[in-house]
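Okay, so chain A shows up in both of these, paired with chain B first and chain C after.
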Partner chain A sequence: MDMQVAKKKLGLKEKYQVMTRDLNWTPTYQKMEDIYPYVHYEGIKIHDWDRWEDPFRLTMDAYWKYQAEKEKKLYAIIDAYAQNNGHLNVTDARYINTVKLFLTGVSPLEYMAHRGFAHVGRAFPGPGPRVACLMQSLDEMRHFQTQVHAISNYNKYYNGFHDFRQWHDRVWYLSVPKSFFDDAITAGPFEFMVAIGFSFEYVLTNLLFVPFVSGAAYNGDMGTMAYGFSAQSDEARHMTLGLEVIKFILEQDPDNLPIVQRWIDKWTWRGYRVLTLVAMMMDYMLPKRTMSWKEAWEIYFEENGGALFRDLSRYGIRMPKCAETIRFEKDHLSHQAWCTFYNYTAATAFHTWIPTEDEMQWLSAKYPDSFDKYYRPRWEFWREQAAKGNRFYNTTLPMLCQTCQIPMLFTEPGDPTKICYRETDYKGMKYHFCSDHCKEIFEHEPEKYVQAWLPVHQIYQGNCFPEGTDPSAEGFDPLKAVLQWYNVVHGRDNLDFDGSEDQRNFAAWRAQATRNV
Partner chain B sequence: MAVAAIREYSFTPLDLEEKFHGNRLLYVGWEDHLMFCAPFAFPLPSSMTFRDLVEKVLPPVYGYHPDFARIDWAAVQWFKSGQPWQPQWDESLEKNGLRHKDVIRFRTPGLTGLQGSCS
Partner chain C sequence: MQIDLRTVTIKPLRQTFDHIARYLGADKPVSRYLEGSIGIQPKDIFHYRPTWEPEREIFDEGRTKIRMKDWDALKDPRQFYYGAYTSARARQQDTAEANFDFVESRGLVEALPDEVRQAAVALLVPLRHLAWGANMNNAAVCAYAYGGMAAQAAIYQSMDQLGIAQYLTRIGLLLGDVEALSAGKQAWMNDPVWQPLRRYVEDSFVVKDPFELHTVQNLVLDGLLYPLVYDTIVDQIFAARGGAAIAMLTQFMTQWSAETRKWVDATLKAIVTESAENRGIVQAWVDAWLPRAKEALLPVAAIAVSEQAPALLDEVMEGFAQRLAKIGLSA
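Coming up: the complex of A and B.
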């Protein structure tokens, strides 16, 4: 007689064991160092990969189920938003430039994060971190896709959305986020994890996502809010992974500490430099503001980050060195950044504008020590000139920092009237930097950064014109040629918001939706 | 090795002088006038005189600022890599010792930007 044996169901703990750790094996006919060639050269010493703790104990089957649920909800909201012409409910059309900045500046990094985590997951000999990296790699792909899908709705109506992929590789200000991530994925697996997993995802992520998502909420952009929240639901796992990486590396060997500390110093600074874009978005681009950049920095970095680094001090880790410099910059960063984009908006794929009188009052109140004294005079002068039909367009290319690739717009720590210049010589050539931190990063690995693709220098070398362009021809207009090469349409995608096609269309469509015209 | 890499790693820098079609890069900054958000990068022939730089290259670049027309060039203080420096106006950039990717700045005493804000 056949006995019906009930199939034994695996407990959570066993399931985790079977579906993660047990997937690992020890090779017999290949050498470990041939299979994992990248784990030693950075100098990090790992003695026991089994000591890796996975706080989530998530297995792939459960992962798919959770993520599918999130996707279903997200796409329902995005579809409803699109079908109801949700874009006409945003506060005003200037807001849409925030979405352009996100799509062109942030979304491509999600894709790079996907690649990066796939790569380091493959590089680690331990099954624990490997599975965690696999999941994060898939998360990042999802973030990228959902952002592109959600934002594609805006592309039907507004300019500056049509070629974000190419812009990531070509446009001058997008070389800042691009070079940041390229630097990380060309580093070794441990540095990548400290750079992106810890410094970016753990220390700085709230300064990137919270401003964009709450900015979207305050300004009536349900689409952005929906993908923002959906991405953030993965964030707890990412942050835990970032923190676990640091603890694991530090517990493995005391020699790892100085290496990790240097990476934290480097990547907090590099990440912060990329956040320059967020600072100006918060203080200048959101028609309805959430909080100032300075306030956000104080809450998310000085308070929360401060607590984190106090906690990590038991491993010997201290606050990143750059925290002091940043304290000086927090009163100035957003103003200097938006002034820069106002200068160079003939070469941007979004619009800029002069803050309204109300907005200037808000800026004075939020920045009592800096706005009226240093920045208001600029805006008032530019406003006067614009009213006379003499809007300021700076068309001479700026000097860039060799490391962060940002124009040299930052001022000396403690003196907002002086540009901060730093330089060094390497193999007979001069290199210039925006700060001590960018200089130090270069000096540690000059061979890496001497290859930096600096947009300004590339334009002057003639590498940024459409094929067949003759720069020596009579009447050659370099700006026009560069915009063509970017696929940015002059007079439509760039220049001041005032008088733009976006402004006109939004006003007309909103009128149709709300009045009998 | 000046980079963390698994094997020998050395490449030509991207910005060697010979890549600039006979020009060399010169960076110029105007102190106390941060309405121009950053110093400028210029690709210039090394045979250009310093006078031509000041009298032909700079005016269209800085002329938008009301202070520019008021500059007393005889009183201007020059700096090269941050150190006080004296240009020879009728000598070439080369003779003035300006190499590829050098940075010079000028200070215009008495002129400190829009409403004295260094803008």
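Coming up: the complex of A and C.
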């Protein structure tokens, strides 16, 4: 009775082929260059989009199923965490400041990635990369929203979260991650893929997500751990996409190599500069440390990244130029950053503190070549001064690097006692940089980087006060006006952890939870 | 037995984020949809202009002719944030999978009258390319629309269309094997019957205004196509000719279009009720594209229903005109 005619069995690859790229056709009623206007101007030559190897083969039916399953589990944990006041189980309320850094600095980038991948997905004429990019655009929406939903519960009980969206645009140190992503999304579609897909998602992701997620795990933050781990399975797809992009571009034409190498040099450095915030988070902000920034850099970049770049050397790609500078900076980066935030804590939306004696011992052990020599004396001095009632606040606005927008706080390669300054002239104006790498990036595209919205310049130009402010009025307090414009509430969101409302509330609530008071 | 898990009751300092409280005018608990959607797109302080469109900001209201005081007014009545979206689609996918299984395991394809099977293949298989075009168009809406509300729903729409292209591919394989797919592509590329529709789609690829694209693709083209092909031809005519099995295979599309319509209508209604200018602009888009969509769909419908096509299309047009009227537009 079996009337069924035997159908051709399609292999997985062929099946995926008919489910994706076979859907595409070459248009005849409109010109390719009108439909895909953005694929040529960067100079990347693609001869055959069909040579694209799909890095993963996921059809939408399977996507919906897996992702819905993951979402269900994740939201069950988020709900339970909120229901149980899980935030009271973190090691120490100082930990919560790392979550503030994440929500204000990283989550808005997930949103930008959502839009950016939609843009490049639309821009590529190749159906293979388009599908992968659009799927990533959808995933990035997931990451943004799960982070907002998970962290929403912290916002209910702690300061420093409440206006994260506006802070990301306005607050001085958040212009560092913001301008990083703005730089990527305003670049051409191929550069975007090298910047975000490869350099950030592939090369540097382990230095961003792993520290936050394992930091959360070590410090009893189930909520953050849950969205972090849940996002990791998406990241695995994103990483394979990032790697495939590089290989695909390089295999298409030898002329692509120098362009791609320059992008890798640029974006490894740009990404690394953003990771300054992660470095100080790992070394200073996590009450229970996972590993030092230096160790993380050695494992995830020098070892794993080293292997990756050796593998890519068959295409002619070499290690990013900045690796040598970073090798020097790894003993200093986190210390210099946290010292700066300690100085400027009046203008931050999280709390700072002086490391405890135990923590300084840990830092001495992890940084035998630098901590005791250069940084412990500073902390001890500041601690003494604070004890005498002279808590030091820096009220002079710092000069910012025109490219990475970080205050000029980094030191000369080879001399940790001398601040590194570089400058260049462009159309009669002087521009300042924190490093040779940032200067070189500027000099390659000055017309782009002169546009940067530098927070310090903007404050001096009077663009960061509430409407109607009169800076010439007697007794005008610029810091107060800037904080108002930021909507950072003085005395609640900023300043030292010691004496903060967060500290008091956490102690009182924890006492309620653990004792019979 | 009930165990109280919450050992401490503490009073929250605030209910939601400030940008949401400012928008709603009050600090109050909000749904996950609103919390993950309001004000999420940056509006200012862009550091650089796009090298790919230097006359614009990264997100720029100037990309569309539409003017809105509040872009977050373009809310999605389905309240889809990512979690709600994937969970809804996963449920529909379960049903679709069960339907495919049912049709395959009962040998229902073999039981189809030959002319129905052939008509279904000829009508449905080329539409996988059309859905692929809709995937690309909605990616453009997501990338270039102003405001997080519209952009978010557009990526869902985009990936739904990819899903539909993939369901249609499975239907093609089931009803006619790989040859059906290549024949369908041939028809899409060369058969005169499909050319006005392909031209419509390719012309939409060069539409730059994201809200014009939304109108051209999601309102006008899909607004005629889904009622015509799925609700009328597949569900009624094929079913009446012994092809109910095909309706089982396209159930996802039927349900999806009924659901998606709510979003399309709500966004366009918010746009046209904003101002007479907006209404005029959207009406001009409808006036320019609707006759083309009708003209393009007529020969396609005729593949399956030959001389019945004009009458069916008129019927669909009637329903569509009512839909437009509810939005505040006219046919």
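The definition used in the following text is that the second predicted complex is superposed on the first by the 502 of 517 C-alpha atoms of A that agree within 3 Å, B and C clash if a C-alpha of one lies under 4 Å from a C-alpha of the other, contacts with A are read in each partner's own complex, and residues count from 1 in each chain.
Criterion: a contact is a pair of C-beta atoms (placed from the backbone, for glycine too) under 8 Å apart; a residue touches a chain by one contact, two chains touch by 3 or more.
Note that the structure is predicted; figures quoted are calculated from it, not measured.
When the two structures are aligned on the shared chain, A:Gln145 is found in touch with chain C, with no touch to chain B.
When the shared chain is aligned, chain B comes close enough to touch A:Pro407, but chain C does not. By the touch criterion defined above, A:Arg170 lies against chain C but remains apart from chain B after alignment on the C-alpha atoms of chain A. When the two complexes are overlaid on their common chain A, residue A:Trp453 makes contact with chain B and with chain C alike.
Once the two complexes are overlaid on the shared chain, A:Thr417 sits against chain B while remaining clear of chain C.
By the document's definition of touching, of the two partners only chain C reaches A:Tyr157; chain B does not.
When chain B and chain C are set side by side, the one touching more residues of chain A is C. On chain A, the surface patch touched by chain B in one complex and by chain C in the other comprises residues 37-38, 41, 187-188, 448, 451-453. Residues 37-38, 41-43, 187-188, 191, 336, 339-340, 343-344, 373-378, 380-382, 385, 392, 394, 396-400, 407-409, 411, 416-419, 421, 423, 427, 429-432, 445-448, 450-454, 456-458, 460-462 of chain A are the ones touching chain B in the complex. Against chain A, the residues of chain C that register as touching in their complex are 5-8, 10, 12-19, 32, 35-36, 39-52, 58-59, 81-83, 86-87, 89-91, 93-94, 96-97, 107, 110, 128-129, 131-132, 135-136, 139-140, 142-144, 148, 151-152, 154-156, 158-160, 162-163, 165-167, 169, 173, 177-178, 181, 185, 188-189, 198-199, 202-203, 205-206. Chain A makes touch with chain C in their complex at residues 3-4, 7-8, 10, 18-20, 22-25, 27-30, 34-35, 37-38, 41, 59-61, 63-65, 67-69, 71-72, 74-75, 83-85, 88, 108, 111-112, 114-115, 118-119, 121-123, 127, 130-131, 134-135, 137-138, 141-142, 144-146, 148-149, 152, 155-159, 161-166, 168-170, 175, 178-179, 182-183, 185-189, 448-449, 451-453, 487, 505, 509, 512-513. Looking at the complex, you find that chain B touches chain A at residues 1-6, 9-11, 13-16, 19-21, 23, 25, 27, 29, 31-32, 34-43, 61, 64, 81-82, 99-103, 105, 113-115, 117-119.
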